[in-house]
Amino acid sequence: MTAPLLEARAIRHFFGAFLAVDGVSLTVREGELTALIGANGAGKTTFYNIVSGRLTPTEGRVLLRGRDITGRPPHRITRMGIGRSFQITNIFADLSVLENVQVALVGHAGAGLRLWRAVARDQPLRRRALAVLGRLRLDHLAEEHAGALSHGDKRLLELAVVLASAPSLVLLDEPTAGMTPEETRAVVALIRELAADGEATFFLTEHDMDVVFGLAQRVFVMHRGRLLAEGTPEDIRANPEVRAAYLGEEVT
Amino acid sequence: MKGRPVLVPAVLLLVLAGLVALPWWGSYFALFLATEMLILGLFAASFNLLFGYTGLLSFGQAAYFGTGAYVAALLLRDIGPDFVWVLVAGPVAAALLAAVIGWFCVRLTEVYFAMLTLAFGMMVYAVYHQWRGLTGGSDGVAGFSITPLVSGLEAVNLANPMHYYFLTLAVVVASGYVLYRITTSPFGLILKSIRENAERAAFAGIPVRPYRLLAFTIAGFFAGVAGALFGPFNRIAVPEMVHWTMSAEPVLMTILGGSHNFLGPFLGAAVFLGLRTWLTSYTDQWMFFLGLILLFLVLFLPRGLLSLAEWRTRRRGR
Amino acid sequence: MSSFIAALLNSLDIGMLLFVIASGLTIIFGVLGVLNFAHGALYMLGAYLVLTAMRHAALPFWAAVLVAPLLVAVFAAVVERLAVSRVYRRHITQSLLLTFALLLILDDAVRMIWGSGYHVVDPPALLRGTVQAFGVIYPRYSFFVIAAGAVIGVGIWLLFTRTRLGRRVRAAAVDRDMALAVGIDVPRLYTLVFAFGAWLAALGGALAAPMRTLGPAMGERIIIESFVVVVIGGLGSFPGALVGALILGLIHGFGARWVPELDIVLPYVGMALVLLLRPQGLGGRG
């Protein structure tokens, strides 16, 4: 029995006296597109922060393929195979789109200590970066200034930067937030394509229920810091507790 | 450097040619001034590796500059090795100091980082100022003569200002070139990413602190090169070379010339010193006018003088 | 014992003076986010204006101490309107450079107007001479400075906690945009705060004038000391400014007496320790 890709065991996290995450345990299986949903303030982002190393949980363990990664610094966790995008787009604004991806490639290859070779002349690096951008249909924007991109393109660029680190698990924190319906459709198709190609296992959190139910194979529901339910999208849709707490009061 | 791919190397070549030919078309005084401009230009460029490229504003770079000067002066006074060794020892000592101090400083960011570099810089100043036995206290280290570059090389006499100028030119151009290669290397790219978004860099697999420390050490090394040229040039090493007012000079020069361009600090140094020379011939209070110019720049030209040349370029970035 | 008392008194008068000056610096930073490099120059300007007021306008000390800081405050208000207000929204390095430019201008302006020589200001007749207290003989004027510092400190505290203006300033400091949204005239408030901080620096200079020799470098030393105080106390923390100032006063009061070689470096060591162990300062939150 192989270890699940990601396992969170009894994660509890306090911010001062406030309990943001209360005993959440879940697993993400390799290749299974998983979603985490919950109202604002349910603790989703805190949970992501814990899994990606931005926060050390007050209690609990996080395991990646059976290896304990709890409390490790973000750069180590990225090197071990978890990538994440942020709710508020986090890219290198003053660098070009190509350079954004090159940073991640250099970081991943551990080639950051090369002090002499010019990046601009490194053809293999350039090709690899363009390839990553190509997966996300951003290669035509390679020389553009990242800060000048549209909101939707910036989110795609962030995804490119994440993918450039060749992660096994990708945490997507509200990937379609702030996107137009068109952009949302494009991103959903992209994620489905990338997941189908076995690029990585995607673990996303979303507000847009259509996105979640259209993409996810497994859904976890958080409510007030606790795990309320888990199952396939159909299970979740039918779950009365979930309906009451999150999808709105239903008149039965 | 984007935007003017052909123009910049051409202008640079012209400037270099002019500098090489300086002893023949410039006055004795111009030679002295040019030597100082080159040295301080390198100092400012080393500062800019930290500021413009890594996003770290250090107010304590004089600690390394001054150490380069003091180590050079002490070696020349007490041991008298070939000058080439002085040029190695000064920067190495400066880099070691930078590594130690940097280890503490890179734990902080923004204002706190700046304040800590200031604190350490003044601590180093206090040491140089108080330790009469080693550093001569407020009198500094003097009474030494410049040794031959390499024993046996009779043709080069560094006591001759023209020869010293050529040595400075060679060292500064070589150092500048190395610094430039560093900024365009993968390491330089990582530094820029740290400047832009340190968190995203960490999430791209980059351990931020060690990179900052390495940048700090390299900056200290080249500040030491500048200092090792500066001390002997002035035939003295004094605590003022380690004081925070000395640390402020590369800051001013870089802002003046523009931190967004590799050559900005060099231009800033040239303009700063040129202004000082011109103004001091009229008044003792040249800082007043420098202050006015700086005020004007901050308010209206925050990207420095080179931004004037860049304004037509559509794309930003370096 | 008496040398201990003397050192303690020394610490207090240095500390209280630093407190007045540094509280101006910390208030400016706390509300405007600007680290005022020119603060030492404003202090110096306050001292020199007292000199001129007494020497050329024949004003008595008391009047000079009132007028000089006010003049500096007005000057600072003008500078804020014309220059400082333009860099608030920019990166912090821009405001650092701007205030540094101001420092250069002011430093040399003082030199141009008053020359590079040294001047002395006499304390008023009422406060001249020494007094015997707590077993030591100590200058009367120093006691005045200690008392004045305490009164000013209490005054500032009351201003910020008990008045509407003070509440508005604190609101603007916490959340500028919210303050604007509820109708507070934030730009005008900012001008007021900057002028007030400058007033405190100049007041420190005016009070210090009879105790220190006036010279062109007096601003330089004070600005570094003020930075140390503000870092130790916590950038933006008013109670922290008191704590930091007293600590620095103690370092100088006792350090100068017992470990004079270390006296010059101890403040920086203190500053470094605070930055490394508790960057928000002793008075800061978090």
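Lettered A, B and C in written order, each chain numbered from 1.
Methods note: contacts are C-beta pairs under 8 Å (C-beta built on N, C-alpha and C of every residue); 3 or more make two chains touch, one makes a residue touch a chain.
Just so it is clear, the model here is predicted, and its values are computed rather than measured.
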Greatest separation from chain B - chain, by CA centre: A
Using CA atom means as chain centres, which chain is nearest the centre of all the protein shown? B
Starting from the mean Cα coordinates of chain A and chain B, work out the distance between those two points in Å. 43
Approximate Å spacing (C-alpha centroids) for the pair chain A, chain C: 50
Averaged-CA centre spacing for the pair chain C and chain B, given as whole angstrom: 33
Among the residues of chain C, which are close enough to touch at least two other chains? none
Over in the complex, which chain B residues touch chain C? Could you list them? 57, 104, 107-108, 110-112, 114-116, 118-120, 122-123, 126-127, 129-130, 244-245, 248, 251-252, 255, 284-288, 290-292, 294-295, 298-299, 302
Which residues of chain C touch chain B in their complex? 35, 83, 86-87, 90, 92-94, 96-98, 100-109, 111-112, 220, 224, 227-228, 231, 235, 261, 264-265, 268-269, 271-272, 275-276, 279
Which of the residues in chain B come into contact with chain A in the complex? 181-182, 184-190, 192-193, 195-197, 199-208, 211, 214, 315-317
In the complex with chain B, residue positions of chain A that touch it: 52, 73-76, 78-79, 83-84, 90-96, 99, 102-104, 106-108, 111-120, 122, 125, 143-145, 161-162, 164-165
